[in-house]
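Across the two complexes that follow, chain A remains constant while its partner is chain B and subsequently chain C.
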Partner chain A sequence: MSASTVTLTDLTRMLRESAGEEEGVDLDGDVLDVSFDELGYDSLAMLQVIGQVQREYGIRLPDETVADADTPRALLALINTSGQVPQTR
Partner chain B sequence: MTAAVVTGLGVAAPNGLGTQAFWKATLAGQSALAPLTRFDPAPYPSVLAGEIKTFVAEEHISSRLMPQTDHMTRLALAAADWAIDDAGADLRHLPEYGMGVVTAASGGAVEFGQRELENLWSRGKEYVSAYQSFAWFYAVNTGQISIRHKMRGPSGVLLTEQAGGIDAIGHARRHIRKGTPLVLSGGVDSALCPWGWVPQLTTARMSTVADPDRAYLPFSADASGYVVGEGGAVVVLEDAVSARERGAPHIYGEVAGYAATLDPAPAAGRPPGLRRAAENAIADAGLTPQDIDVVFADAAGVPELDQAEAAAVTGLFGRRAVPVTAPKTMTGRLLAGGAALDVATALLALREGVIPPTVNVRTPAPAYGLDLVVDQPRDSNLRSALVLARGFGGFNAALVLRRCDH
Partner chain C sequence: MLCTVLRVVTRDLALPEQTSAGQAPVGGQGVDAALEAFGLTGSSTRTRTVVFLVTGDVPQPVHSGFEHVAVRTAESTVLALVLAHAALNGGGKDVALVLAAPDGPGPVRAHRVTLRAVAREDRPAPGTGPSHGPVADSARLLLWSGRRPGDETRTRARLRSVVDRMTDDMFRALPAVVPCGQGAGLVRAAAVCSLEDPAAALDTARAITAGTPRPVALLFPGQGSQHTAMACGLYRHEPVFTEAVDTVLDLMGDEGAAIRADWLTPNGPLIDIDDVRRAQPLLFAVDYALGKLVMSWGIRPTALLGHSAGELVAATFAGVVSLEDAVTMMRERVRHALSVPAGGMLAVAASAAHLRPYLVDEVAIAAVNATLQTMLAGPAAQLSAVEQRLRADGHTVVAVPATSPFHSPAMAPAADAVEREYTRIGLRSPRLALYSGYTGELMSDRDALSPRFWARQITDTVYFRPALDQLLAAEDMLLVEAGPRQTLTAFARRHPAVRSGASAVVPMLPARPGSPAADRRALLGTVARLWTEGHELDAAALSRLWSDGEDRAALLPLLEPGHR
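Here is the complex of A and B:
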């Protein structure tokens, strides 16, 4: 079982579905280390996206995730080290 | 005292999206009342509505805003954009604290709210949108317009049911008089979902007639209640001096008089307050009833309410002494958006010198003593218009609009 099953591609898809994409931002670009703030996502957008991650992958993320994960890389690290990510949905 | 003038209009109506389309349809007497399609009305006694069918939200609303906005807020944002474009207001040059937003609302964004409540009941709390925290809220249209256009001046929302469109504009005028140069106002509303439908049915004022041409007949002997629609209008209200200084391309008219009253309790034995609202608004404009060239009626379509309005109008003006019209017979009553749309319609009528018709009524009940403009528009040199509105719970509001000759 791989420790890392949620990819940046998965995350950008969920960002688009849950909160849309800011004009002038290309989520398909090199966004791994760009802050969510710069990508145009506020805390409510992050709550919405994290809600979708939890539902799709059947995991629980702590409430602090919104504040702690300020970039896609940081959020993916928290998701993929939550220890509960199943290999497939 | 400084005058407040309307310099921009944004209309989202069932019979026309955008001011031009709406005005053309309205003069042509085109009604949008039809069987409901947005949800299945079969379980309910009222099955007709005035729906806006040509609005494609994605053409007006960014993908970031789509998940956080209800249908009514999307309509309101589009109407606000149109009003600002129409005003030619180069907002980058106006101070952001010098622009406010005051809109009317009724029940808030009930369609969004119903969907999220269904998610809560049927799937669990983790399925409820984080945006439910504000998207349902009755102040949400004001808030989203304010955010989108960086209008951070005095702002608010008024809830007086179907009188709200006038009360919001009256309140916006107060802000103009206190020194805010520009206020966006009006109202855009929609509640075409079961959760929005059922509370309105309890008023027993909605028509249960299934024929769209026979369901909403205000001032007719066959009046059976009203049909509900969605939409409304946003207006740009400005200080007349600063509007002229910046070279506003249109000055549709002045908000010359405003008044609101509340009906006495049903058992009080005192008369309803609509006439007093009209009298006070005319006096506030420095006019007399003889100066009013047309009345845009509240036109509830409920016999006792029609009777009360006809008594107020004939009491003030005399029998058949002033033309009365209800173009809302083509759109249905738009909740918090209805009176705002009537204000926009009245301003267009003043500018064009034509009174748009009341449709489907054909012959108003003679006992009411009204000169109702039916079927065809009536050309008339209009200088001042009175717009009346009532909201469930005893709200009455009246607005006097005056053409600006300049």
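Here is the complex of A and C:
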């Protein structure tokens, strides 16, 4: 699992799926540094995103992730560094 | 330690002959009218007065020939305020007047600027919550515009050079909202500047060519959005908001006083904010007061939508009930909710259809908020069992801070009791487009006039998302969330009509609890968004941010050089 890196494209897809949004609705623009607040991701939606990341990539993210990662860039950094604790399969 | 406080009072001048658009000045007529408007008539008073004429793009010759009074020019209002500060703080003047002509038709605007020294002790100690004292916030909102993009760029460049020369003291001397230039052009920009780096926001501000502004719809959040000290940063800092909150709480007599005390106390309230006896009255007061505040800026909302308890606030603005009756209705709701055994509410990241198989006994769909956000409610034990099953199946679940199972059949006894009380309420047809979460559509006259319709709101499902769909399908809107925590803002931001940019949403308060200063900063963001949308804003109303109500004057702290 450690070899795989989560890209912005992956994250954007998971953001969209976690909110149940249709494809084509604009989340593809320059969202890397747009805060999750501004993207409309409240705490429940963030927990849903983080749950999906953990399931798909078999990693554990710290509980503080919701509070610490306030932009897609910050979340990707967390996922791709501190998040690399492989789960037993 | 002494610091100085800059006070700004704004008035519109009625001149017999308006100056033509874009022309600076305001000539002798304007100066005389302004001096008179502020009662500066005696020759000795005039000697201690300096007048700044805002000349805008075109440098104007200094006007001469005014008896006893010094008249100078400045390129922009912001620069005039900075110069006024210098003149008052050691320049031998007591009063400065700043006169700005309108860009188009409209009155000449006069700002009276005075400075007074206050003892250090008068200033609020950090962290003591709301106070009557001057505001030491580090945020100022600059608004500017141009008729064409080039004008906007030039104005911004001039502002940049002013800001670059500005010391911290000068920055603190600025009012909370600084309209720069002479009026509202089509190309709008705004920057919430920080004391630490005022130029940063100026440089990154996006200029927007405002066409016809989208009309404003107000969104009022309900239970679940409350938090400790919500909106406290506005209370006793903005007179319209303060008066509206006090009006609501005063309608509740002694109970209102107890609610206010619990709201403002920094040391733990007697009754917790999540208790229905605090959450509902305070949300009502804050939602209502924020609605009044937006309207005081000259905004006329064309549509209203409240979530759950917020629908009653929306109904008040739509003229369905008087404020007094609405407060009575809210209190009856709270009183009878207390007689229902304790319950709770859950937010689940799933669709309503997906959750139906999990519903047992009196656990019900409480609210359909967004595509994948549904709330459940029910009696405590039953809800807890449902929560465990949801979690076991991998669902994301968050408990909503609520002690009553609102919007579930468990509330039925309360709904029946409330309905009897509501038959005494005078209900009228909505005068504005009022969207209902209980039908997911425009509220019909029949529903608006039905005591049963209003009583059933505590047992029935809230269809917020369908109501928002209808609202946004009717017309492209600028949604303004008049309430704490940005709950409805988040739902709206995930809505396709907002994602696509057809409609937009702006909150009035921060997304999560913070300092009183954060409340005020968030509100400056609301003003900025309304401005860049192209709405006309009442400058005199904006000048009341963060005045106390006292003398309608903005009180701005300013540390004297050498005493910092």
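The definition used in the following text is that the second predicted complex is superposed on the first by the 73 of 89 C-alpha atoms of A that agree within 3 Å, B and C clash if a C-alpha of one lies under 4 Å from a C-alpha of the other, contacts with A are read in each partner's own complex, and residues count from 1 in each chain.
Here is the rule we use: a residue touches a chain if its C-beta (ideal position, glycine included) is under 8 Å from a C-beta of that chain, and two chains touch if they have at least 3 such contacts.
Values in this document were obtained by computation on a predicted structure and should not be read as measured data.
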| item | value |
| --- | --- |
| First, second, both or neither for A:Asp37, with chain B first and chain C second | second |
| Contacts of A:Gly51 with chain B and chain C, given as first, second, both or neither | both |
| Superposed model, chain A: greater residue contact from chain B or chain C | C |
| Which superposed partner A:Gly20 touches (first chain B, second chain C, both, neither) | both |
| Set intersection of chain A contacts, chain C complex versus chain B complex | 18-22, 40, 44-45, 47-48, 51, 55 |
| Sites on chain A touched by chain B in the complex | 16, 18-23, 40, 44-45, 47-48, 51, 54-55 |
| Touch list for chain A against partner chain C, complex | 18-22, 25-27, 37-45, 47-48, 51, 55 |
| Chain B residues within the chain A interface of the complex | 62-68, 126-127, 129-131, 133 |
| Interface residues, chain C side, partner chain A - complex | 347-349, 351, 370-373, 394, 396, 398, 486-487, 489-494, 496, 498-501, 511 |
